[in-house]
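To keep things simple, chains are lettered A, B, C, D and E as they appear, and every chain counts its residues starting from 1.
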Amino acid sequence: MTWIGDNLGLIWEQLREHLYLAIVPVILGLIISVPLGYVATRYSWLANPLIAFGGILYSLPSIALFIVIPAVLGTKVLSTVNIIVALTIYTVSLLIRNVIDGLRSVPPDVRQSAIAVGYGALHRVVAVDLPIAVPVIFTGLRVVTVANISMVSVGAVIGIGGLGELFTLGFQKDFLTPVVVGVVLSLTLALIADLILVSLQRILTPWARVATPVGEVA
Amino acid sequence: MWEYLTDSFNWSGNEGIWARILEHLWYTFAALGLSVVIGLPIGLRIGHTRRGAFLAINLGNAARALPSLGLLMIAVLLTDQIGFLPVLVALVALGIPPILASTYAGLSGVDPATIDAARGMGMTGREILTKVEIPIGMPLIISGIRSATLQIVSTATIAALVSLGGLGRYVVDGLKLRDFPQMFTGALLVALLAIVLDALFALIGRITVSPGLKIG
Amino acid sequence: MIEFEDVTKRYPDGTVAVDKLSLRIPSNQITVFVGPSGCGKTTSLRMINRTIERTSGTISIDGDDINGRDAVTLRRGIGYVIQNAGLFPHKTVVDNVATVPKLIGWDKRKAHSTAMELLERVGLDVKLAERYPAQLSGGQQQRVGVARALAADPAIMLMDEPFSAVDPIVRHQLQEELLRLQRDIGKTIVFVTHDIDEAIKLGDNVAVLRVGGKLAQFAPPAELLANPADDFVRGFVGQDRGYRALTFVHPEALPVQPLPDELALQDGVPLGWRNGSEELLPVGSVFKRGDSLRAALDAVLTSPTGCGVCVDDDGKAVGVIDQSTVAEALRS
Amino acid sequence: MIEFEDVTKRYPDGTVAVDKLSLRIPSNQITVFVGPSGCGKTTSLRMINRTIERTSGTISIDGDDINGRDAVTLRRGIGYVIQNAGLFPHKTVVDNVATVPKLIGWDKRKAHSTAMELLERVGLDVKLAERYPAQLSGGQQQRVGVARALAADPAIMLMDEPFSAVDPIVRHQLQEELLRLQRDIGKTIVFVTHDIDEAIKLGDNVAVLRVGGKLAQFAPPAELLANPADDFVRGFVGQDRGYRALTFVHPEALPVQPLPDELALQDGVPLGWRNGSEELLPVGSVFKRGDSLRAALDAVLTSPTGCGVCVDDDGKAVGVIDQSTVAEALRS
Amino acid sequence: GGGGDQLGSDKAGDSPAPSKVTSITVGSADFSESQLLAEIYGQALAAKGIEVKKKPNIGNRETYMAAIKDGSVDLVPEYTGAALAYFDKNSTETDPDKAYDALRKALTPGLEVLDMSPAADEDTIVVTKATADKYSLKSLADLKPVGKDLVAGGSSEFKVRSAGLKGLKEKYGVEFKEYKTLDAGGPLSIKALTDNQIQVTNLFTTQAVIKDQGLVQLDDPENILPPNNIVPLIRTDHKSDDVVATLNAVDAKLTTDALTDLVKRIDVGKESADAVAKDWLSKNPLS
């Protein structure tokens, strides 16, 4: 326990780095997946290959990806960019499926109406399809966010791992405390992030949580 | 990397690629088997009774948030062992949530009218589970096991961090020695293995899922 | 006979779905529960096979309280058909039908052949037997549902809005087939619908329920139309009930008059009415001897001459009746 | 006027959904497309707002070929209502209705107030304005759908089976409301249904289509009932068409007879028929002066005495008619 | 091995030593002693008013070398012999001074080492007391006849370098039954050794565990294990005079015994490297 008190600065530093490394890829991944998913619903033959390719990318071991990236991009080996790019790849490979499913979840009669009231193609996506896809997209977003937060720590193996560095640090000394602190904080971070996403989703989709009307048997 | 792969020396022997693949498969299936043994019955129970779903799903999510590296290290430090056991613990913790969650989803997604009909014709709870809910939930159950497999295969690389073998050996040694061909080889083989296993489960799905569920 | 005695169902949330219902459902007849949405039809029906447990009162079948019996065994002896059929999507059509026979331990061969027979019986092409439910139309699915419920030859059939999800034309066919089937099998059928026309068409007896789960009237359809018990039933039975009631008026024999010359025939089948010009006027609808007064009136109303044509089973004209004959019959 | 000239639609898979359809849809009236499932009703309708593009032929509105116009602008000027309403689940009721006004650039305040007015107009409680579609019943959703289609005051409204997913009682209400609304607004409405009753009730003109997308008959409903063009139409119009046709027979004035003593009244409202015993016999259904012959006949048929009661707008009895008067009117 | 050069961009270049540096990034390897030294260097430099950034725990030599080559870090604590083996795979120097000189020559352009410290942390190959007794092991040469019965374990690097299995085979003719890849003198190796999953491993002389567990260090008559004096490895573009002066002063004061003590405080006492470094600096003021 005294270890915690003595190392508050370090813990705080790693926590901040961890959060940064986990969240930035989620945001970037979302920015990439949405247009990509939209294209895949327009040209539906693209959807399955994209999802399958995502699955393959996701099965690449993260350690390998973390190290390959500087070789490919020419970034410095200790640059956070490596982790961010790797996790962004994971994010997109997972999220693409949800974006596609989400856009496909728009009921056909709603889409029909949107066309018939005279929405242009792009306008319709922004004003109708995307809002309706939010719950499905958020399901994916929650999964990748949590997964990212837990995956960042693997970066510790190459020296940029946020809370993961507490793992290696403790492990080298055969010392449980830092590892447990790292795991607990990482877990807490994931749960808080999840909670924030759930709240955000509730705020974004007030329509999705309304009660069914009186008289209808569920 | 091509040189590494085509060098037949690298393929044979108990440190060779074949041996590593077998080790990797062993870790994967051991962890997967245990995850199924634990996750499936719980998922079935929750899906069938539709009670405790909230708890199970959220526990499942929380487990997903466990960093496997940290978990592995804690497992090593706590069990005071560096063998297979801590790795198994970490991988099983990773495998259970998807299996649990999709088993639950598979069962709870069964049309209530179908269950109503089954009950109405005099099926007992067990018969409803085995003859109706499991077969209809099968596509999702398989896909849960499938995604657990993918995660386990790719994460089993960390076994190498605590002295075990498997394809992670190449990745970790390659990392330590900055031997990129070796590392790429490892990563690529892991991805290949994942693809092969994925195809295997697609096949299993094709066999176990009733054609009636694939129409339309 | 199925007997409800003071049966009440209160759901955990306090809703009283069925309130002190007392009712005798005669054996080997079709009894229809009808009423607006939420009036407790489904609840009443499902208390019979105990997929919903009553709160108080007694339900007995042939004098035995159903609570004295094991729920699972009870259900295996009662056929159950619901909207959208509730078929097992993972089983072929014939396996769906064979489900209960297999559950109660028949050998496979027998279950299968019984299932095949039943498919024919409900009017399904046996070529469909190896298909899966998703490959059938709604109407075909409902037929499978009926066959499945009949498979173990239960004495009682419960049918909860079985035809309400199919389009009107198919629904009409299914209703006709059910009536035809019932003539053969003579089960005790309890049928739920919210469509008064369906109730009148199918029911030997109709129980009209009002919201709150109270019985408003229990009577054969003709009586329901002629003497609605109160304003609620009158409103529910709807406009045109006078005309509909004619369905149940079967005058012994309407006195037909000989065929007039104006009626053009071909091999005895009416072609049209001559009116001096080249073209014939349409015949209008025709009726058969033994048809209800409704059919006769319609024939009169659709005929351009005011004379309704009566035909035999081969469609050959056997006579005509005029407006005043019908009016006479109506008065009597 | 909307004009179809030799319009054909062939889907990429080869299905010919509409085949050389030629048709004039008059302005400010309700024209109903009716026909069995798959006969091309929806396809025909949707070619009008170009959500489906025709394969050949011309469709013009008031003489202008619609292909000469920008599809999006065209659509904004045409209201569109479909089954299940197709409301935007993520927008409140009032925002749903305000969609088109906002799209065409009205300021928010005006769009909102117009939307609120429309909600009232279609008979929705304004308290529901801030709800989401999922919080409304099916009938309420359909009303919102109608309001949304009306929002930008389009000259044309396309309605594709708008009422087919709601229960019969609500459907009846919605039909009445549509007729009432149309009396005020006088739009050019094209309405699709597969329910011949609905077509007859709502249509100023009815187009009957047969499978394969061919026009079988285009006529006002009374003519359709009286003179079906062929067997297909006759079959489709169905039994009871003679009786239904009476809906369109409005005898100038049926000669009513003075109230007989047997009719018991209270403040002029008929209570029942005396028959010597304590209890009164039911009055039967009643009709108003100016009602169709169908109503008068039903009154006669439901009356235990064979005398139908005629009432004024307050429900007070003003006279009776007997069977022979109705028969007389039928003959003429 | 040796793939590190793929990453060794020449960004370090031939830029001349600056007259003044305002900011420096100190990195360290993934073991306690390296972290401690990095802290000591860092704190000493900070005391001179230089802004110090820390990148502790980067990884093994191959990893942090890539980092210093591409400028991710500017300074890491190194060991003469091991660093020499990294830059020149064929070197066989056994004398500390010669090794130091050879290292200076072998360095990639853009990197330099400062003065070598008297403190050293040698590689050592150890067995448990029990193993030593059972096979009467004193020197590495004694392993030759019994190697086939023994399992060795240690880092990935130990397996392939000449100060490891390669040297053992070439110089002593020792081959083991198996080699388990664990870590570089870390908890895995120690655990495996004490559990008798492995019988031979590679540790470092400053590790307290050697004494605490009564492990037996095998002699190295053929000198396959190089001398390993502590020496700062620095990028030329951060080698200003005050940095050089400070680090040389620090290194001059370090001794092997002091280092052993300090490392024990971290590994056994679980104190943070940060605090231990601060403590040592306060007791050994630079001037």
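Quick note on the criterion: a contact is a pair of C-beta atoms (placed from the backbone, for glycine too) under 8 Å apart; a residue touches a chain by one contact, two chains touch by 3 or more.
All of these numbers come straight from a predicted model, not from anything done at the bench.
Trainee: Both subunit A and subunit C are touched by which chains?
Mentor: Expected: B, D.
Trainee: Fewest touch steps from subunit A to subunit E?
Mentor: 1
Trainee: Select, from all pairs of chains, the pair with the highest number of C-beta pairs in contact.
Mentor: Top of the contact-pair ranking: A-B.
Trainee: Tell me, please, which chain's centre (mean of its C-alpha atoms) is farthest from the centre of subunit B?
Mentor: Taking each chain's C-alpha mean as its centre, the farthest from subunit B is D.
Trainee: What chain lies farthest away from subunit C once each centre is taken as the mean of the Cα atoms?
Mentor: Comparing chain centres, E lies farthest from subunit C.
Trainee: For subunit A versus subunit D, what separation do you get between their C-alpha means, in angstrom?
Mentor: So the centre of subunit A lies 51 Å away from the centre of subunit D.
Trainee: Measuring centre to centre with CA averages, how many angstrom lie between subunit C and subunit D?
Mentor: Comparing mean C-alpha positions, subunit D is 28 Å from subunit C.
Trainee: How many Å are there between the centre of subunit D and the centre of subunit E, using C-alpha atoms for each centre?
Mentor: The answer is 90 Å.
Trainee: Report the inter-centroid distance (CA atoms only) between subunit B and subunit D in whole Å.
Mentor: That gives a centre separation of 58 Å.
Trainee: By the touch rule stated above, which residues of subunit B touch at least two different other chains?
Mentor: 76, 172, 175, 180
Trainee: List, in ascending order, every residue of subunit A touching at least 2 other chains.
Mentor: Each of 71, 156-158, 171, 174-175, 215 in subunit A touches at least two other chains.
Trainee: Residue numbers in subunit C touching 2 or more other chains?
Mentor: Correct list: 37.
Trainee: Which residues of subunit C touch subunit B in their complex?
Mentor: 46, 49, 51, 72-80, 82-92, 99-100, 103, 132-135, 145, 148-149, 158
Trainee: Quick one: which bits of subunit C touch subunit D in the complex? Just the residue numbers, please.
Mentor: 36-37, 167-169, 194-195, 227-228, 239-243, 245-246, 282, 284-285, 294-295, 297-303, 306, 323-324, 327, 330-331
Trainee: Which residues of subunit A touch subunit B once you look at their complex with the stated criterion?
Mentor: Of all residues in subunit A, those touching subunit B are 55-56, 58-65, 67-68, 71, 142-143, 146-147, 149-154, 156-158, 163-164, 167, 170-171, 174-176, 179-180, 182-183, 186-187, 190-191, 194.
Trainee: Of all residues in subunit A, which touch subunit E in the complex?
Mentor: 3, 6-7, 10, 70-71, 74, 76-79, 156-159, 165, 168-169, 171-175, 177
Trainee: Report the residues of subunit E in contact with subunit B in the complex, numbered from low to high.
Mentor: 1-4, 6-7, 59-60, 62-63, 65-66, 153, 155-157, 159-160, 180-182, 188, 191-192, 195, 197
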